[in-house]
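Listed after this line are the structures, all set down as structure tokens.
What follows is chain A paired twice: with chain B in the first complex and chain C in the second.
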Partner chain A sequence: MSESCKVSSERRGDVAILWTDGYINNQGGEEIAREAYSQLDQGARALVLNLEKTRIVNSIGISILIEVLEKVMDRKGALAFCGLTPTIDKTFRIMGLAQYAEIYPTQEDALRGVNPQPA
Partner chain B sequence: MTSPAPPSSAARLDEIWKRVEAALGTDGPLPARVAQAAAIATGARDATLYLREKDAWVRTGETVPAPPPAGEIPDPLPEGIFVRDGNLWLPLSAEGELHGLLRLCDLPAGESPENATLLAFLLGAVVATHRLSRQVRDAEFELKARLLELESLYDLGLSLGGQLDLSALADEVLFRSISLTDAGKGTLALFEESGALLLERSVGGEVIGAGDAAAWKLPEEGVINNAADTVPTAGMKLANCQKCLAVAIAVPGRRAGVLAVADKESRDGRVLDFTATDARLLALFANQAAGAIETARLHKDAIEKERIERELELAAGIQRQILPRDVPTVAGLEIAARNRPTRQVGGDYFDFFPLSGGRLAFLVADVSGKGVPAALLVSTVHAAVHLQIDEAKTVAELVGRIDRHLQKYAATRKFLTCFFGLIEPESGTLRYVSAGHNPALLRRSSGAVEQIKATGVPIGMFPNAAWREESVVLEHGDELCVYSDGITEALDAADEEFGLARLSRLMTADPPAKICDSVFEAVSTFAGETPQYDDQTLLLLLRS
Partner chain C sequence: MTIPVAPEMEIVATAQAAALGEYIAMSRDKIDEVKLALVEACINAFEHADCRDEMLHLKFRLGREPKGREFLEVEVLDKGKGFDSARVEEPTIEKSFVNHRKRGWGLQIIKSLMDEVEITSGGGGTRILMRKYK
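Moving on to the complex of A and B:
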């Protein structure tokens, strides 16, 4: 597995999809936060984080994701996760991320979830 | 937070509070709202909030809070409210602890310093409350992280219990170890019983070559913790790691692997020491991995055993198909024959070939090897004999043809011992070739037992070998006994062989079928519970 986590994103209307590839640790979390804040600053209302290429998340990464979630909630936006391994899914649920962010099996489900009436 | 407000200021405090409350009720992160509330309450053009975080100042207001530029905050900090560069600075304290600083720019002329004092009092309480709630949240996060560790151990135990793929097993253990210790890197190596590297998985680090068990020099106690200078001698395969934690994966009798994580992360980018909890957690993961490795190995052994069982079954099936089910009825002869295969399936073979003129050809053969290879060789010999029997004019020629057939078609260099005979019941003449086979016994009607020795080397052993054909006459009442070495070399508990003498003594004047029963019964009694590894074959031929 590569050392650094790569993050890419794409806007679909007012939803930004962020794809992660690699370990979500301090560095990976910072990459996600940077990309997420950039999208929010550019007017994204909701974020979908697709983690299908991530197999490890540590507590630093989770705390950064919580910060991102708080930022989204401050702006009355929405955050959804998809493509989680069973281990990461359970981790997010235990650590409370699933309390305020929805977890969906697929990206399509997540997009429908954060944007119930697509244009 | 509970410091009493000046009693004369109650009305003014109430007025400021209403302004602050309105501003705090807006959207956005709390530090930004506090700054905004201060600006609204005082009419300042701009307000900046600095928070005291772990003995350092952090300027809020940007998307990501950052330390202020050097010199922006006076050092040392003046006591109480102070004015600097035309800006009003308010220390935000509660319970005697300084939590933040508020900088107000361009206050309107005539703004009362008393208002600022009240504002500092109020916002100090707000920031302290916010900080307290954050501490509660952090404590809750820690509790959840501990719960996650317990859940992970439980889940890992469950998933590894059924995990037979060592590669997947290694990933599962490594990923969880890295994740739960907040390590930046990690590696897991598993070794063969010989100590050679079986597999190595790595995350976040460059693996420097492959290493065997000896390269991973862990101390006796099996743990290395935070000792950067010992990392190279510990065999840590991750390049550029500062601090590592490594534990042995021990299975009964050997070190089956090493699990190591390195460079524990912190939120501020520093590399932390691994804690005793990390070491305990890693040791627990290593224990679970060891259990799973043992399970996987036992499963592999069981599959191998099952494969051998199936192979033996197949071999036994081949042999059963080839051996004759009944002995032929030939005028002037009484015949009995039996084969008792062992669990290992050797390669005994006997057969009869009734020929013209009342003659009978027969053979007893013992091929080298065991299991499927032996059974296939028997099959090849069986086919060769059946193909060549009508072509050959003499027994010796037939044996030669079989030999050439084997030299040409047998997949591997295999050989067999064989007694091949052709008897004319009318005259009692037996022509035979004994290709390296055990001496046959000829019991004369007088009771004397003669041995018929080999007349050549085993078939298939040497190229261009030749066999001498000999003959002997069986008088009425004489009986020939041809057998495989599974009879005479049957072992008892004391490792003694049944032997030719015991077999000779059983060659009585009884009918062949009865002698056959006696011999097999005697061999069974002799061997007792001692396992036998060779097929036992006996062929008896009495000239009546």
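Moving on to the complex of A and C:
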């Protein structure tokens, strides 16, 4: 039995999209953090975390996402989430994550949100 | 059901809850809420309870109120050192930013996701009884 989370990423300009697949616990959270920090170190300004293939994020996983958020905020960057199940969305709001990171329904919305077009 | 205190055993427990939720045609979102609350109850015990028998004892119950509302109830029992839930500090994300340790969200998540939660704890261990209506 393994529910370990797989993480992949892709750069689109100065935005890195990270996709997760599976249960985000301490190991899944660490995988995300590793990938996120690598992208930030390579110059990404904003991160979009697409969680559409994840149905459970436990509080340990979320505490690691808060660390990622802190690092992004330290660098004056942006962090956005998309593809959340209603339960994950609700949990992020309970924990106040939604006050500091935007939540979008789709990846396209998230990319538009972190990369606003000039008026 | 009894599960050992071991990594990812909480996921084994969620499969049982999901099967019972599906049996009473509970919505997928509500089942997900029960699953996450159960995960949090299990990992709280794994991390803090210091269980004497290294086991968690779980009971699942389907029921119906006199008015007809169906529910799924889950009990998580550990034989650990217990804790005083009244003295558990309520976490906030701002405190998380300041503190190196960003944990302590389990009980708040459980209470927010389930309809009824009863916690009894003492020297003999901790029992968390959680109910979700269909």
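The rule we apply is simple: the second predicted complex is superposed on the first by the 115 of 119 C-alpha atoms of A that agree within 3 Å, B and C clash if a C-alpha of one lies under 4 Å from a C-alpha of the other, contacts with A are read in each partner's own complex, and residues count from 1 in each chain.
Basically, a residue touches a chain if its C-beta (ideal position, glycine included) is under 8 Å from a C-beta of that chain, and two chains touch if they have at least 3 such contacts.
In this text, all values refer to a predicted model and were calculated from it rather than measured experimentally.
Looking at the shared chain after the overlay, A:Arg12 reaches neither chain B nor chain C. Of the two partner chains placed around the shared chain by superposition, chain C is the only one that A:Tyr100 touches, whereas chain B remains out of contact.
Contacts of A:Arg45 after superposition on the shared chain: neither chain B nor chain C is touched. Contact with both chain B and chain C is seen for A:Asn58 once the two complexes are overlaid on the shared chain. Using the contact criterion defined above for the overlaid structures, shared-chain residue A:Asn25 touches chain B and also reaches chain C. Of the two partner chains, neither chain B nor chain C is touched by A:Arg112. Judged by the touch definition given at the top, the superposed model places A:Lys90 against both chain B and chain C. Overlaid on A, the two complexes show chain B and chain C touching the same residues of chain A, namely 1, 3, 23, 25, 55-60, 63, 66, 70, 87, 90-91, 94-96. Residues 1, 3, 23, 25-26, 33, 37, 41, 55-60, 63-64, 66, 70-71, 74-76, 87, 90-91, 94-96 of chain A touch chain B in their complex. Against chain A, in their complex, chain B makes its touches with residues 27-29, 63-64, 140-141, 144-145, 147-148, 151-152, 155, 171, 175-176, 178-180, 182-185, 202-205, 265-267, 269. Chain contact summary for the complex, chain C toward chain A: residues 8, 10-12, 14, 29, 32-33, 35-36, 39-40, 43, 91-94, 96-97, 102-103, 105-106, 108-109, 112-113. Chain contact summary for the complex, chain A toward chain C: residues 1-3, 23, 25, 55-60, 62-63, 66-67, 70, 85-87, 90-91, 94-97, 99-100.
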